[in-house]
Amino acid sequence: MNRRSLIKAFTLSASIAAMGLSWSIQAAETIKVGILHSLSGTMAISETSLKDMALMTIEQINAKGGVNGKLLEPVVVDPASNWPLFAEKGRQLLTQDKVAVVFGCWTSVSRKSVLPVFEELNGLLFYPVQYEGEEMSPNVFYTGAAPNQQAIPAVEYLMSEEGGGAKRYFLLGTDYVYPRTTNKILRAFLHSKGVADKDIEEVYTPFGHADYQTIVANIKKFAAGGKTAVISTVNGDSNVPFYKELANQGLKATDVPVVAFSVGEEELRGIDTKPLVGHLAAWNYFESVQNPVNTQFVNDWKAYAKAKNLPGADKAVTNDPMEATYVGIHMWAQAVEKAGTTDVDKVREALAGQSFKAPSGYTLTMDKTNHHLHKPVMIGEIQDDGQFNVVWETEQPLRAQPWSPFIPGNDKRPDYAVKGN
Amino acid sequence: MLRLLLTLLLLLPLATQASEGEYFITAKPAEQVSLLEGWAAQPDAARLPLLDNLHQGRIAEGDTRKLRLNNRLRGLLENTLASHQLLSDVAKVRLAAAQQLQKSAQPAQVAFLDRRYAIEADAAVRAALGLVLANLQLAAPEPSVRLAAVRLLGETGDPMARTRLEALLEPGVETDTNVRTAAETSLAQVKRKLLFGELLGQAFSGLSLGSILLLAALGLAITFGLLGVINMAHGEMLMLGAYATYVVQVLIARYAPGAIEFYPLIALPVAFAVSAGVGMLLERTVIRHLYGRPLETLLATWGISLILIQAIRLLFGAQNVEVANPAWLSGGLQVLPNLVLPYSRLVIIGFALFVVLLTWLLLNRTRLGLNVRAVTQNRNMAACCGVPTGRVDMLAFGLGSGIAGLGGVALSQIGNVGPDLGQSYIIDSFLVVVLGGVGQLAGSLWAAFGLGIANKLLEPQIGAVLGKILILALIILFIQKRPQGLFALKGRVID
Amino acid sequence: MRAIPLPPAHPEFMLEPVLDAGSGRDAIGLGQARSQGLDARHGTVLTLEDISVSFDGFKALNALNLYIGVGELRCIIGPNGAGKTTLMDVITGKTRPTTGKAWFGDTLDLTRMSEVQIAQAGIGRKFQKPTVFEALSVFENLELAQKADKSVLASLIARLSGEQRDRIDEVLQTIRLSASAQRPAGLLSHGQKQFLEIGMLLMQDPQLLLLDEPVAGMTDAETEFTAELFKGLAGKHSLMVVEHDMGFVGSIADHVTVLHQGSVLAEGSLEQVQADDRVIEVYLGR
Amino acid sequence: MNQPLLVTASQKAGPRWTLATGAVVLLVLLALPLLSLLPEGHSLHVSAYTLTLVGKILCYAIVALALDLVWGYAGLLSLGHGLFFALGGYAMGMYLMREAAGDGLPAFMTFLSWTELPWYWAGTQHFAWALCLVVLAPGLLALVFGFFAFRSRIKGVYFSIMTQALTFAGMLLFFRNETGFGGNNGFTNFRSILGYEITAQSTRAVLFLLTVSLLVASLYLGWRLARSKFGRVLTALRDAENRLMFCGYDPRGFKLFVWVLSAVLCGLAGALYVPQVGIINPSEMSPTNSIEAAVWVALGGRGTLIGPLLGAGLVNGMKSWFTVAFPEYWLFCLGALFILVTLYLPKGVVGLLKKRGEQ
């Protein structure tokens, strides 16, 4: 080892590192919009379509003349399913590219990773996925569901005679915060409905778990003790082996219905749904919802997928997080129009009470204080064509309760967004 | 006029059926429920076609109106249908119906079931019906009936029987001491049978997991075990095999829908060819330059795996693709009331053993196998003896990759098919090969099944995660004892 | 199998053998024959009794008995597969005997010691295939072999003293590699590597030297020089040499052991052994 | 940017120039944090983004250097160094979480309805103990694992696979919520370190300076080791372990020492990494990360001290750039890079530079 190479090495690595300084390219009279979704790594499976949906929505807004007379310029980055990289890319979008707003994140951990950055730099993030709640940052707008907008109505449905009148509940989830918190809220809720602990079984599997033989056998055993429903918060990739095992071991929806909170149209694309007919999912939107806004939305998306030659374009589907992305971008655009500027504080103010006619068939409103949307809840049954048939829905959009009343201590939380929660 | 009336009269059953259907589809869910319950208690053979149609989500063939069912209605419908099927002339249909009723029969059906039981001629159906009745008779007022029912339930290994007996034994439910004692005996009997089924089930899960590990690792046993290439792209060969299966499925569905049932069989050679082809290409372009530098093959093949993953992602999308089980791989074999062996898993166990046998024959009974073994043991010497080492390397690597492709076909039947498929198997595959002893096919076989069974035995006790961690720790300890794996070559090896 | 000799890198050096063995031996200054740990009062440095080694049923060594006296130079010969290398493996702890006793001196039980302990107790070994640290220079090779505290801590703070440096220079001269002291050992010729390995043994200063085919790949002149070197070592050190080259064996050994199928077939002077009928049959007669 | 120019210059010029270049780079690295303290808008201002990015890469560089000590010098390819890095990070993270939580429990424990801290969290509110843990956790684990592995002479590929299994097991363990380290989310949302606001420019600058110092210190350490007899024993060990044993050296001790040292260095790097990037979670332990670290070393040139630094800088710099410039294609570039380097640059970039220098 000689000194010379040491020094050479230093110079080279420093020059590479310093490249970061000269990235931003200035373009005139556009509003930059950041898109922070993983395009590679494990989360690419879910997030890629959100990136495409965001690009489509931006294209549509631009086609109508943009916002405040300026075109939107999307800046797409790939945080590669790497959580620290989310924070780094978030900071880059806000400080180097100087974007007005960022649409992105899927997993809770990625949101938690970027949150300090957005709070520090006073950025604006739109988060489009259903999540566990327990958070309300002034720098984030949550366009997905809070637990009370998804989980609790679903369990109420299962309890009802119509939903099969389940007496026992098998809570199955991937071991991370969203299932844990959701199940905790559900357990408290079930207790309040008189379900005893012996009738609740809580099981967690690791990420990417692929062998559900033992678990399905346990479900069967548990179900022998009375009318049982499975409440699944199993994360994306593990669903296929889970459902396949369920079908092959002869557990039918009429015996033991499974209601899932993370399985939508996009996930069903990877599954043969014929053996799954009758299993349920709870969301705030289904592609099969019948209304003119949705027809337009679905058609636009299919046309866009075809035009951009996206992989699997012939089978393109829409789902809840895609709708939430779509709604989020439009609401932000409306708020910018209203505020007349992209200044974060003014836009935040303008967003309160903003409403938008969404593909779900409802006019969704951004809550005045809590940064969450008022959303309808729908229960859909899996059909053999990979779509859902809505079997139950709330009469009107529900207000989100990000601080669930079923978690002790939350009653002291303020009902407005505060930094650092 | 009279003729018209007569015709109408003749058509009456049809008409009633049609009107029942019309009524059903327009009725409110609550009315539908009571309708179905009523029909279940008093079955009418003429209603069977309607129920069949309803079960398929329509009211009549050709009627395009889609019937919206929910799970409750579906359950009731199945019960009602079974109730009607008891009137069938075919014993097999009646048996299936009786088995369905064991799960779903309601007290209101007792009278009807009693009648059928009395006139049932087929012994098997009669026995099944007896159980249906026994389930319901636990609530009968006469202790003698209850006693008979309890004894009958003791004969089954049905998990529901356990729940029913336990409910009966709750304090204050059963007052008759004779029945109580009999129930206790029966419960113990049922529990024993259930435990037997559970243990069998665990053993089967272990075998099944082992067969999957084996299929995943077998290709690696050749590319890594014999050629010494730390092939981090091995997982991607599995993935290519799975995607080949998907493409075959799509193509057959489009061009030869008649053969769709057999697409996995057609996919086998295709997957082998695709993976082997890609493998040979890689060997010729990259890996051949790296023999004897095992740790560097690790880096290069890691690069290859990144490229393959992203290529597939761009070609097929980041989402998983749908690979459906054909009918003969769907469902399972009901061995015991609490033990179903899925056909797909049974077939995969058989397939894994078949592939091992094939590989063994290839390596030990063919010229190519001899050459491969010669080259892997002493490359220079083999070259001196006129073995075309380059070609042998290529073919051996192709063989390993091709076998991985075959593994991919099997994996596509039980799990996800997505760009990341290979990544989830790579560590397990390496562990199997290392544990078995590098270069030892038999070692890989034992290691795969050993790991599979150990995993499945531990999982119910301490959970999937801790089980896996414990297994990893055990492997690390085991390697301490036998650094060369289960089946190591002993002797005067100079390193 | 004999290693194929490589062409020497410096033929002119090879052509000039040093015939004055005495000065060579003095030069390397092998003064002390024993370390404190070794107790060889009974005159045998190595005692092997009833040693058997089997690999999966194959007996590499079969009830072998061998005694080497203090200061003796013993040659071991035998056909391929006779168990010569296994014998060395047993002595150095690389292979554990299935049965039998192996004592170094009167007190050290070799079957209970690790390879490192055996080496530290004073048994040095030269491999059949010359094994040197190829990435290190010749000088560094010798430095590592030098008798010193070989613990981790010591090597972290080790500094070469002038005395140690002089020793290395002396050995470098003896093995005639002074000119190549700073070259990486991997660049040496086959013969030079043999000498370097012998040099490392000298630096290690063991009581018992095991030498596996030390002159394979050497020119005649080098072989002759090696023979002189070994003869000079004998007396104060004990040597056990495994060799095929009968000329070489004849030039150094007064005592020869013939191994066959894992046991001792004959023992005695080279002439005696060569006259033995059984030996002729299995080995020499062909 | 004029550094690339310097590289070419240093190839032509003599060692004096090279020394000067090294000094300049070091000065630039030392100046970066100071420049970051300048007000925004100043022409020389360095953004927090650049600072954390470079800081992160420097942490990776330390990992690469540590890995090179065991791989390049002792010939033990570890595919589990991410575990040690993460353990150091977690130890620091525990302190930061306690600091953020004040007297209460860290937020994720409240989620799980835990009412008191698990025993292994005891004392983590003290910075000094956290620092001890930073060293002890990876150090002890490496010691135990190394002791068993080296005792039974596991080496080569076996060693690599075992280390990979080890980090995989660690990842699974930390993914569990019951393990008590925040599960998949790990630790985020740090507030302050030793009372200083963690997002303050000055805190960042100090952390950056510490990282540079640690890097320089580990370089010096590596240089001293490589120069010492110990370093030569390691090289000897890598090339001919048996010969070394018959020379009377016990390889276990040497391996164990460098293995534990390397693990501790990784732990320290992890501890500096966490407050700078603001998150630590189990995915740092994923085998992929550890393989990537091996790639940095191979790319830069193993068995040299500079190679790993160069490799870590190059790969991560490229990653940062590619993920923005070609988000869909960067894996192709990265993959192709690995292949090309192993095929055509067996000695890494340093080998290439040396060759150029000799010509």
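We just call them A, B, C and D in the order they show up, numbering each chain from 1.
Heads up, the rule we're going with is that a contact is a pair of C-beta atoms (placed from the backbone, for glycine too) under 8 Å apart; a residue touches a chain by one contact, two chains touch by 3 or more.
Heads up on the chains, UniProt names are A = Urea ABC transporter substrate-binding protein; B = Urea ABC transporter permease subunit UrtB; D = Urea ABC transporter permease subunit UrtC.
These figures come from a predicted structure and were not determined experimentally.
**Q** What chain is the most remote from chain A, judged by the mean position of CA atoms in each chain?
**A** C
**Q** What chain pair has the highest count of contacting C-beta pairs?
**A** A-D
**Q** Taking each chain's centre as the average of its Cα atoms, which chain lies closest to the overall Cα centroid?
**A** Looking at where each chain's C-alpha mean falls, the closest to the middle is D.
**Q** Provide the C-alpha centroid distance between chain A and chain D, rounded to the nearest whole angstrom.
**A** Centre-to-centre distance between chain A and chain D: 33 Å.
**Q** What whole-Å value do you get for the distance between chain B and chain D if each is reduced to the mean of its CA atoms?
**A** 44
**Q** So the centre of each chain is just the mean of its C-alpha atoms; given that, what is the distance between chain B and chain C in Å?
**A** Those two chain centres are 64 Å apart.
**Q** Could you list which residues of chain B touch at least two other chains?
**A** Chain B, residues with two or more chain partners: 310, 314, 465, 468.
**Q** Send over the residues of chain A in touch with two or more other chains.
**A** Counting only residues that touch two or more other chains, chain A contributes 39-40, 175, 204, 206.
**Q** Which residues of chain C are in contact with two or more other chains?
**A** Nothing qualifies.
**Q** In their complex, what parts of chain D are in touch with chain C?
**A** 228-230, 232-233, 235-236, 238-240, 242-251, 253-254, 257
**Q** Looking at the complex, which residues from chain C come into contact with chain D?
**A** Contacts found on chain C: 92, 94, 114-116, 119-120, 124-125, 127, 131-136, 140, 143-145, 150-152, 155-158, 200, 204.
**Q** Write out the stretch or stretches of chain D touching chain A in their complex.
**A** 1, 3-4, 6-7, 10-11, 15, 18-26, 28-29, 46-50, 52-54, 56-57, 61, 108, 110-113, 172, 175-177, 183-186, 188-191, 199, 219, 223, 226, 277-279, 281, 283-284, 300, 304-307, 309-310, 312-314, 317-318, 320-321, 323-324, 327-328, 330-331, 349-350, 353-354, 357
**Q** Which of the residues in chain D end up touching chain B in this complex?
**A** That would be residues 77, 145, 148-149, 151-154, 156-158, 160-162, 164-166, 168-169, 172-173, 175-176, 242, 287-288, 291, 294-295, 298, 328-329, 331-332, 334-339, 341-343, 346 of chain D.
**Q** Once bound in the complex, which stretches of chain A touch chain B?
**A** 39-40, 42, 44-45, 47-49, 161-165, 175, 204-206, 208-211, 213-214, 217-218, 220-221, 224-226, 237, 240-241, 244-245, 247-250, 253-255, 257, 266-267, 269-272, 274-275, 278, 280, 310-312, 381, 389, 391
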